[in-house]
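In what comes next, subunit A is part of two complexes: it sits with subunit B in the first one and with subunit C in the second one.
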Partner chain A sequence: MIRIELPAHLRTLARVAGDVSVEVDGEVTVRSVLNALERRYPMLQGTIRNHVSQERRPFIRFFACGKDLSLTSQDIRLPDAVIDGSEPFLVVGAIAGG
Partner chain B sequence: MKSVRVLVGTHKGAFVLTSDAKREKWNVSGPHFGGWEVYHVKGSPADPNRLYASQTSGWFGQVIQRSDDGGRTWEPVDNAFTYDGVPGPHTWYDGTPHPWEFKRVWHLEPSLTDPDLVYAGAEDAALFCTRDGGKSWKEMPGLRTHETGQRWQPGAGGLCLHTIILDPDDPGRIYTAISAAGAFRSSDGGESWLPINKGLRSEFLPEPAAEIGHCVHHVAMHPKRPGVLFMQKHWDVMRSDDAGDSWYEVSGNLPSDFGFAVDIHAHDPETVYVVPIKSDSEHVPPEGKLRVYRSTSGGNEWEPLTKGLPQKNCYVNVLRDAMAVDTLDECGIYFGTTGGQVYASPNGGDSWNTIVHDLPAVFSVEVQTLS
Partner chain C sequence: MGFSNEEILRYSRHLIMPEVALAGQQKLSAARVLCVGAGGLGSPVALYLAAAGVGTLGIVDFDVVDLTNLQRQIIHTTADVGRRKVESAAEKIAAVNPHVTLQTFPVSLSRENALEIIGKFDVVVDGTDNFATRYLVNDACVLSKTPFVYASVFRFEGQASVFAHDGGPCYRCLYPEPPPPGMVPSCAEGGVLGVLPGLLGVIQATEAIKLILGAGISLAGRLLLVDALGMHFREFTIKRNEHCPVCGTTPSVTELIDYQQFCGIRGEESYTGPAVPEITPEELKQLLDAGDDIVVLDVREPHERDICRLESHLIPVDDLPARVHELDSARELVAYCKSGARSAHAVAFLQSVGFRRVRNLRGGLDAWAERIDPAMPRY
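On to the complex of A and B.
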C-alpha cells in the first residue's frame, strides 16, 4: 500500500482523516499513485492535476523522502521507502500569501 | 408557513441563512467549504432543496457541490469543465492573442423546470451545462465560438461569464453577460448567440458604441415581463424594452452610475434597485454612505434608501451577484458587502436590518422563498 499525505483542504474534500492508502498496480510512479488516488477518491480529480493535460497544478508540489519531485517527470519510479509504505508520498499545497 | 433561505457565497466559504416570513430572527449555518472561495450558490426553482455551489481555489481549482436537502449536506459532483474542441485565442489586456483557459465558475443558473439541468458561466468566458444534476458538464460552444469571440478582452476581474438569465415564457431564450464583451441573447436554447449591445456607450473603447467590448456588470429581468431588462454597466444604468435589441440610459439622478448589482422588486416590474459605487478606481460608496437607490418608475428617478444602513465611514463594495429579492407578499431585498455584512429589508427597501455583519467578503447572495 502506498501512503499519501494530502493538504488539509483535500482531506476535507475527500472526507478522510490523516494519510490515505492506495494500491498501485505495476510500476509505482507519481502518475500511477495519483491515478490510483483519483480512482479511489474521484472528487480529487482536477484538484491536483489539470483535468485535460494531467499536469501538476501550479500551486501543488510533490515530495517523497525529503526530495522535491514536483519538477521531475511523473513517470519516474518513487523511492523504495514509499513503495514499501514506510514513508508517505506528500502532496503539498504551496505556501503563498503574505 | 412561508420562510426564506438566503444562500451566501463568500471569500472563505458558503453560508445558509434562514428565517420565517417575518425575517426578524435568523439562523446562520456555515461556513460550508470553509477556506474556499464560493462564487455562487443557487437553488433549483423546480426543487428548492436542490442547491448547487461553485467552490474554487487558486491551489486546487474548481469544485461543484450539490445539496439535496436545502444545504444541510453536500456532495461534490463533476468538476471537469473542458472547452469543446481546441479553443483558439481571445484578446488579452494588451491586445495580443491569449489562449482560452478555464479558471472558475462564476455563476450557476438552474433550469426553471428541471432540477438536473443547470447552466454554468465560466472564466474564461464560456457557457457550460449539466443535464444530469452535475454528474457531467459539457460546454455549449456556440457562445465562445461566436464570430466576435477572438476579440473579447477581460475586464479587471477576468474574462468572466457572470450573468445567465432564463426566460420563463420562452424556453429557448437565454441571456448572458460577459465582462468585458457585453450582453448576448440566444433564441434557440444556447446553440447560437447574438450580441445585444446597441445603445451602450463605453468611453474607454476606441469605438464607444462598438458591437462588443462593453463591461456589463450585471443584468436583471422580471419574470413576469421578460422582454424588459435592466443593466448595471461599468458606468451607466441601462434599460431595454425590446429584449436587449436596444438600450437606453436610466441613470437619472443617481449620485454615481457606476456599480455592480441591480435587481427588481418581486411584485412590481417598474421598481428597480441599484447600489451606486463611487468610481471604477474607488470601489466604495460615494461619501462613505451605503445607500441602495430605488426607482419606482423603471429608472431615471431614484430615491436613496438609508434607514438601517451605515451613513458614515462605510467603504465596502457590493458585488454583481450579491443582491437578491424574495417573493413574499411584502417583497424582501437582500444584499451582501465585501465587508462581510448581509443586509435584509423586509419591506421593499424602506428599512434594513443586518442579518450577519462579520462574514468573509460576500461574493453572492441568492434568496429562496419556501412554502
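On to the complex of A and C.
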C-alpha cells in the first residue's frame, strides 16, 4: 500500500481525515499513484493535475523521502521507502494563511 | 556602536554565546527588518525580534484588531479591539524593548508602495494572509534583492522557507501560480489552530536573526513543512527554477504587476458563477413568520451547524449531488450557508438538476445575524 498525505483542503474534498492509502498495480510512479488516488477519490480529479494535460498544477508540489519530485517525470519510479509504505508520498499545496 | 550597561545586561544571554557575542548583537542592533502583517505570524515575529534587539522594526498592516484575531495574534489584547494593528503592535514592542526604532505603515502593501517600503529594510518577514500580497512580497523582494522569510499556515499545517537569498529559489519557483480563487480556503474560511502561527512565526524570527548574524544554515533552498496534529517537522530540498518568471535566467516579470488580477479577486468566500435567484433575510423572515411552505436548506458542514442554525434540513454542499433525492423540487426551497457563497453554488447546482423554486439567502447567516437575529452567534 502506498501512503499519501494530502493538503487539508483536499482531505476535506475527499472526505478523509488522515493519510490515504492506495494499491498500485505495476510500476509505482507519481503517475500511477495519482491515477490510483483519483480512481478511489474521483472528486480529486483536476485538483492535483490538470484535467486535460495531466500535468501537475502549479500550486501543488510532490515530495517524498526529503526530495522534491515535482519537477521530475511523473513516470520515474518512486523511492523504495514509499513503495513499501514506510514513508508517505506528500502532495503539498500552496496555502496563504498568516 | 556602543551599548549602555542596561543594554549589555538586557542582551547578556546573547553576548555570552560565541555565535552571537558583542559583534552579533551589534549586527542585530544595526539591522532593519520589515514585518509584513501584524497578525498571527507577525505577532511572535515582531515580539521576538524586538526582544532580541533588532534595531529597526517596520510593520505594515492596514487592518484593525478584531475579536476573532485574539485566538492567535498574541501581540494584541482584548482592549485593542478596534484599534489599528500597527498602533497596538507598536505599543507592545516598545514595552518589550524601548531601544527598538519602530516604523509603522498603516497601509496595504501594494505595487505602488512595496518597493519603496521594502527598500528601507535589510530583511522582510512575510506574515500576510492572502496570495496576492505573498506574490507581491516575493516579486518586490526579488527585484530589490532583499531576502525574505516565508511562512504560511492553515488549520494544523504550516510551511516555512527563506526566499530570494543567496542564489536560492523564490516563492514563484515553488508555486509559479496561485490556486484559482475559492479552491484553497483562507484561515477565515477553514480555520487555523491558534498556536500554529506561533510555531511558524518563531521559526521565521529565528531565520531572520540567522540571516542578520550570518550564522548557521538558513532555510534557503529548503521547504519546512510542519504538521502540528502529527507533530511532524519535515524538510525538503527545493531548487531555484531557471525558468522562474521573476528570478529565472530570462525573467518576464521585471516590475511589479497587478496582483489582485494575477491571483483573482476574492472575498473570504466567493461565488463567481452565473447569478442565482436570491432572497433577503427580511423576505425569508416574513415568509417563515407567515407560515409559508418553505424548505430551508443548510449547506454548511455539521460542525458549523453546532454554532448556529436556522430551522432547516442539513445537506453539506459537497454532499448535495449524492443526496439531492432528499429534496422535493415541487416545494419552495431557500438555501443558506455562512456568507451566501456556498449556498449560491448549491442553488446553481439545484437549478442544473431541474429545481425551479430555489433561492439563495443573500449574505447567509452573517446577514441574518446582523439584520434579523442579533443574538445569533457569529463566527
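One rule holds in what follows: the second predicted complex is superposed on the first by the 94 of 98 C-alpha atoms of A that agree within 3 Å, B and C clash if a C-alpha of one lies under 4 Å from a C-alpha of the other, contacts with A are read in each partner's own complex, and residues count from 1 in each chain.
Definition applied: contacts are C-beta pairs under 8 Å (C-beta built on N, C-alpha and C of every residue); 3 or more make two chains touch, one makes a residue touch a chain.
What you are looking at is a predicted structure, and each value in this text was computed from that prediction instead of being measured.
Chemist: Give one of first, second, both or neither to describe whether A:F59 is in contact with subunit B, with subunit C, with both, or with none.
Modeler: In the superposed model, A:F59 contacts both subunit B and subunit C.
Chemist: Please determine whether it is subunit B or subunit C that touches the greater number of subunit A residues.
Modeler: Residues of subunit A touched, subunit B against subunit C: more for C.
Chemist: So in the superposed three-chain picture, is A:I95 touching just subunit B, just subunit C, both, or none of them (first/second/both/neither)?
Modeler: The answer is second: A:I95 touches subunit C but not subunit B.
Chemist: Tell me the contact category for A:H51 with respect to subunit B and subunit C: first, second, both or neither.
Modeler: first
Chemist: In the superposed arrangement, what residues of subunit A touch both subunit B and subunit C?
Modeler: Touching subunit B and subunit C on subunit A: residues 7, 9, 13, 43, 47, 57, 59, 93-94, 96.
Chemist: Spell out the residues on subunit B that touch subunit A in their complex, using ranges where they run on.
Modeler: So the residues of subunit B touching subunit A come out as 35-36, 57-63, 76, 79-82.
Chemist: Residues of subunit A touching subunit C in their complex?
Modeler: Where subunit A meets subunit C, its residues are 7-9, 12-13, 15, 43, 47, 57-59, 61, 63, 66-68, 71, 90, 92-98.
Chemist: Can you tell me which positions in subunit C touch subunit A when the two form their complex?
Modeler: Answer in residue numbers: 37, 39-42, 126-131, 134, 151-157, 159, 174-179, 183-187, 190, 192, 197, 223, 225, 234-239, 241, 318.
Chemist: Inside the complex, what are the residues of subunit A that reach subunit B?
Modeler: Residues 7, 9-10, 13, 43, 45-48, 51-52, 57, 59-60, 93-94, 96.
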